[in-house]
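There are two complexes below, and they share subunit A, which is joined by subunit B in the first and by subunit C in the second.
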Partner chain A sequence: MVALLIKNFIRSKGLLVGLAILFISGIISLNIGKQFLEKNEKIIQKTSHFQKENIDRYVQYMNKEMGLLLYYVRFGLVNETPNIVGLSIGQRDINPSLHNVTIRNLEEQKYTTDLMNPMYQLIGNMDLSFVIIYFFPLIIIAFGFNLVSEEKEEGTWSLVLSQTANTQKMLRLKAGVRYVSILSVLFLLLLIAKFYLSIPFDIYFTVYILTAFFYISFWFSLVWLVVSFHKNSSQNALILLTSWITLTIIVPALMNALVIQLYPIPEAFSTVLDSRDGYHSQWDKAKEPTIEKFHQLYPQLVKYNHPKDKDFSWLWYYAMQQMGDETAVASSKKLKEKIKQRENLSKKLGLWVPTIHTQLTMNTLCFSDITNYLAFIEALERFHEQKRMYFYPKIFSDTPVSSEKWDTFSLAYFKNQPVINLYMVLLPYLIISTLCLLWANINFNRKKYNL
Partner chain B sequence: MLIANNLTKKYGDKIALNNLNLNIKTGEIFALLGQNGAGKTTTINCFLGFIKPTSGEATIHGVSVTNHSAETKQYIAYIPETVMLYPNLTGVENLAFFSSLANFNYSKADLSSFLTKAGLQESAHHQAIKSYSKGMRQKVGIAIAVAKKAIALLLDEPTSGLDPKASNEFSEILRELSTNGTSILMATHDIFRAKEVAHRIGIMKEGNLVSEIEAKDISANELEQLYLQTV
Partner chain C sequence: MKKRTIQIVAKQVWVHTLKNKSSFWLISFFNILLCFALISGYYHHYNQQKTVKAYSHDVRERWESNPDKHPHRMAHYGYVVFREKFPLSFFDFGMDSYVGNVVFLEAHKQNTINFSEASLSNGLLRFGEISVGMILQLLLPLLVFFWGFGLITEERQHGTLRILLTQGVSWQELIIGKAVGLFYLSLTTYLPCFLLAFVFLLLDASTYHNVEIIGRFLILIISYLSYFFILSLLAVYVSSRSKSSKTSLVSLIGFWLFFALILPKVSQVAGKNLFISPSKIEFDTAIEQELIEQGDSHNPNDPHFKKIKDSLLKAYHVDSTHKLPFNYGGYIMREGERLSAETYQKHQIKLIQVYQKQQNLIRLTAPLNPLIAIKNISMALSGTDYIAYNNFQNQVETYRYHLAQTMNELQMKYISNRVKNSADKNARIEKKHWEEFPDFKAEFLPLRAVFMNEIISFLSLISWIIGFWLLIKYSGKHLKAF
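Right, the complex of A and B next:
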């Protein structure tokens, strides 16, 4: 029977066109992922070269004062971009994977890196996750909406009913052929992705595959539930397309609105203003309080003081810069906390909405979620602080520029390793899909012999 | 073999079938005549288990259709007015598919012999159903019924739309099945076909079986007169 169902499926050209569309859009999405990775790699290589060139140039021309030199010299920290990012670009196209900072006021510099064309942020990226989350369900709906109704509408159902008492078995096999065909395209795309994007077969890629598999299974179970009501084809199509619009567009939009409503972030604006005010207002103030605060922050630097006979010193200048960050520290902390709260709430609500859960999970697995970016920002803060702590004593003690081995300052890398809780990833799909299947089973048994 | 015992089906206030009593013996062909809406198809659907009777009982081989629908499926085969098949599959493949639904797995040679027996020319066996005429599809339907080796055959206007030659071939097959012990209940508008092939003929009107005649006791013309007077 299975062989005949497969033959019937293969000979139906419309279904093959559906599979072809999925495959082609999958290939396009992999190409988009590849282009993103290449562009990112290019940026990192260029920045690495630029940093070296930049340091060499400034060391050559600003070689009298360490303080002046470090006003200009930038140090880069790269948020490592594993190739799996190509599958789900997520936040990576909004937030940069590289920050180039001087040891001056950090808060301001966090938002000055703009290495991407903002146009890409507007149109988004059709990566593989997008294809899986948005396109696959549409084809699943097209394959399954008339699973039972076409039998009724084309007149074969009465003959089927007269031949067997177990019509559900036949329908299961019919759905199974479609399920396997869609999964074949999915696994083929993932196999191509593995080699085309050179993705290592690690825990993240494995869980990505599982997530995609369970997401596809969820949609099949939803289709199975809808067809179990024995409605006609147009009603099934309407219900399923409405479900698709609801799950992929309306609910995410509502959730986004809810999250924004619950956790407004005025700090995003005030952090920048606080930082700028904190720094700029120091110009008009007496130097002593600024330096005093600086010494309170870094007691190990108490031995360095502002010369009373001079109007300007690098100690005062960098203390003033430091005040920019210190003034913004509260709002910056609040900003990060609220972003984390937004992310946590989204993840919790997403557990009940497979589309959102899949997007968030895939972003996490592909190192492109907001958590990854926040971790990168925290790493940048540590990196910036290390650079300050390394150079402050040298600046304040007027160490000669030539005493430093500048060629050792190459790009630094940050590597984030998210912890994956497999139960939290897969359990929502299992629960929702099982409920759909159980409900469908009740419907099928109730309408077992319905014409 | 096929027994209807006070079989009644109501849709709200409308009575589709009213206390029908029938007893079709092994190897007997019973033709039900009547206008549209007389209750012929409802009777067949009750035996098929497609609809639940409001009261009364339909039994096949002593088994209640209502209570043991799954079990009675194995005893029956059905040919609807228009046999609809999977257009992308060939005649042989359709037969194989419907036979496998009934848990019969035949060889290709067996499948072909069923189709030939049903009167389908060999050149059509491996053509897609979408190229078949209605008559050819009916023949595949007959082959499906024969391949199921059912002890009871339920036919709902099976010769409607068939040309005279195909109708005649169809009657031959029914007679052969009957000789082999298959009980047949056939709903039809075709008075002459009913007279020619059936052992007994019942005339239905508004859900009631108003006449029951032995086919051998009446001529075709008399049957036509009786039918016209009754309906």
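Right, the complex of A and C next:
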């Protein structure tokens, strides 16, 4: 019977077209991922080159004072983009994967955005995750909505009943052929992805494969459940398409509206004002309190002081800059917290919505979620601090510019290693899919001989 | 075509569909969803506006309360501008969540507009946002298709089609009548929401500052009505050409998938490859290179600025810049600001052109794709499209330039050439000058400009209606009664 079912499957043109659509869109999506990676790589190479040029130029022209030189010189930190990002671009097209900062106050620099066409951000990237989350379920629905009803509507159901002792087994085989065919396309695409994007076979890629597998299995369970009610083809199609729209469009959009309403972020506005006033108002104030605060922050720098008779010193200048960051500390921290709260809430609520759960999980696995960006920003803060701590003593003691080996300041890299909780990733699928299958089983047993 | 026949056919569609219990639930569902989207959109918009107003007020107060100081310090203290949303933006969010909201304006430097909603959000946002526009553009077509796919095929399958045709109803009357009925049905889902939106507009104070908003809203409504009329015609036409209800439904859903999901993404990929846009680092470096070639206004020995100095000394018959009748540093910085702003503007215009080309590629699919046409129109009229944002960008840069140059001119006028540096007591000017500098006030684009920018999309909707009209008029003989 299996052989016959397979033969029947291959003979039906519609089904093969469905698989071809999945395969082709999958290949296009991999190409989009590849282009994204290449563009990113190009940006990093160019920046590395520009940074070197920039340092060389300023060292040549601004070599009298260390303080003045470091007003200009920029240091780049790259948020490493592993090739797996190509599978799920996530927020990487919104938040920059590279920041170039001077040692002046960081608040005015760290929120700089990249240049992107907002229309493209609105449309979103057709990466492999998109194909898996949106297109695969549609084809699964097309393959399965009339699993039973087509036999009934074409009059072959009574034949099935009379010729097989176990109709459920026959239906299971019929569904199985479709399940295996769709999974084959998925695994083929993932295999191609592995080599085309040269993705290392590590924990992230493995879990990505598992997530995709479980997500697709969930849709099959759902189709199986709907089919088990023995309704006619158009009712099944309607129910399944409505589920698809609900899961891919309506619920995520409603949840997003909820998350934004629950956690508005006016801190994004106040950080800007705080850091600006924190720094610029210092020009009009007495120098002593500023320097005193600076000394409190960095006791190791107490030995450097502002010369009493001077209107200006680099110590005072950088202390003022530092005050910009210090004043904004509270709101900047709150800003980050709010973003984390948004992410946590959506992750929690999303656990029970397979589409959202899959998208958020894939973004995490592909280093492209907002948590990854926040980690990058925190790394940038440490990087900036470290650069300042390195240069402050040299600036304040007026070390000659020529004493520094400037060619050693190349781009720095940051790599975030997200922790993956396999249970949290896979359990929701298992629970939801099992519930669907159990319910379907009850229906099938009740309606065993239903014509 | 007899008007009376069309009315009877239309009424039959209306009665037949409403008899079905599921219609009641579907209509209620969409009404609730649309009103929820409208109210939450308006609420969000209202809060956002309140925040923007409060912070803008704060910025102004802080600006005015600065003590007497050197104007160049004020130029660096700068201004912070928060993007105000267009009063209709609650209707269709468009690109609003993807464009920046806060910008710090200072001398010599064009900072990016930061903190878009997207930069503060996670992957959830990328599923799309729930706004009235989104529901009307993306979800309601499916309901229209669902109600419409069987309108002719069912008559054919039940054999009633032959009876209708023999009774003297023409194909044209039948299709138009069914489409009109379907269109009336669709009204039940969104008309209440439109009325509510109108009430919101009337309650909003900003409507009275800008009467054009009412005009925009009316055009928006008319566009959506034409859009749904096109969809109704499409559904009935596809139904008339399909052998069975199943093929009719599959074609309509295929149409939706292709035009709503696939075509925009494909045109995006094509646009990205055809028109390469620079990254921030390339953009900045290109400007920096050009500025270096022009000279550095902070460096007194720079050859470009030395030439200016020499010609100034000659023109005023003096031997030192100290003796010039205005502050020399201010003059040089004014010149530097002019050069750097011009250079920036040149590159910015080029960048915008690339973006426009990329977007035009999508816009050009509008004649084929009514979903894109209405999306563009809706965003444009709601003030959430790219030109609305670009208009804001331009105003912000103009304001920044004006601020920097005003401070440079104050320096030229009031600061003596003999002061040592900006810390000098004599290098301060009175704070009344800060109050004299006007606050930033965003102006929205006039309706005419918005309309002209989306002319292709408007023409596309009109041509779809005319196209269907012709198609239905001349297609009667190809259609089969059984």
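Of note:
Note that the second predicted complex is superposed on the first by the 443 of 451 C-alpha atoms of A that agree within 3 Å, B and C clash if a C-alpha of one lies under 4 Å from a C-alpha of the other, contacts with A are read in each partner's own complex, and residues count from 1 in each chain.
Here is the rule we go by: contacts are C-beta pairs under 8 Å (C-beta built on N, C-alpha and C of every residue); 3 or more make two chains touch, one makes a residue touch a chain.
What you see is a predicted model; the values in this text were computed from it and never measured.
Taken together through their common subunit A, the two structures put subunit B and subunit C side by side without a clash. Once the two complexes are overlaid on the shared chain, A:T248 sits against subunit C while remaining clear of subunit B. In the superposed model, A:I32 lies in contact with subunit C only, and not with subunit B. When the two structures are aligned on the shared chain, A:R276 is found in touch with subunit C, with no touch to subunit B. Of the two partner chains placed by the overlay, only subunit C lies in contact with A:A237; subunit B stays clear of it. Touch criterion met: A:L4 reaches subunit B, while subunit C stays clear of it.
When the two complexes are overlaid, the chain among subunit B and subunit C that reaches more residues of subunit A is C. Of the two partner chains placed by superposition, A:D309 touches none, neither subunit B nor subunit C. With the two structures overlaid on their shared chain A, subunit B and subunit C come no closer than 18 Å at the level of C-alpha atoms. Put simply, subunit A uses no single residue to touch subunit B in one complex and subunit C in the other. By the touch criterion given at the top, residues 45, 48-51, 69-71, 73, 76-78, 80, 82-89, 93, 96-98, 100-103, 128, 141, 144, 148, 154 of subunit B touch subunit A in their complex. Touching subunit C in their complex are the following residues of subunit A: 28, 32, 35, 39, 43, 46-47, 50, 57, 90-91, 94-96, 98, 100, 108, 111-124, 126, 134, 138, 233-234, 237-238, 241, 245, 248-250, 252-257, 259-261, 264-266, 268-270, 272-273, 276-277, 280, 283-284, 311-312, 335, 338-339, 342-343, 346, 350, 355-356, 359-360, 363, 369-370. Here subunit A touches subunit B in the complex through residues 1, 4-5, 7-8, 11-12, 154-156, 158-166, 170, 448-451, going by the rule given at the top.
Residues of subunit C touching subunit A in their complex: 33, 40, 43-44, 47, 51, 55, 58-59, 62, 66-67, 69, 73, 76-78, 80, 82, 94-95, 98-102, 104, 111-130, 134, 138-139, 142, 146, 245-246, 249, 253, 257, 261, 264-265, 268-269, 271-273, 277-283, 285, 292, 351, 355, 358-359, 362, 386, 389, 420-424.
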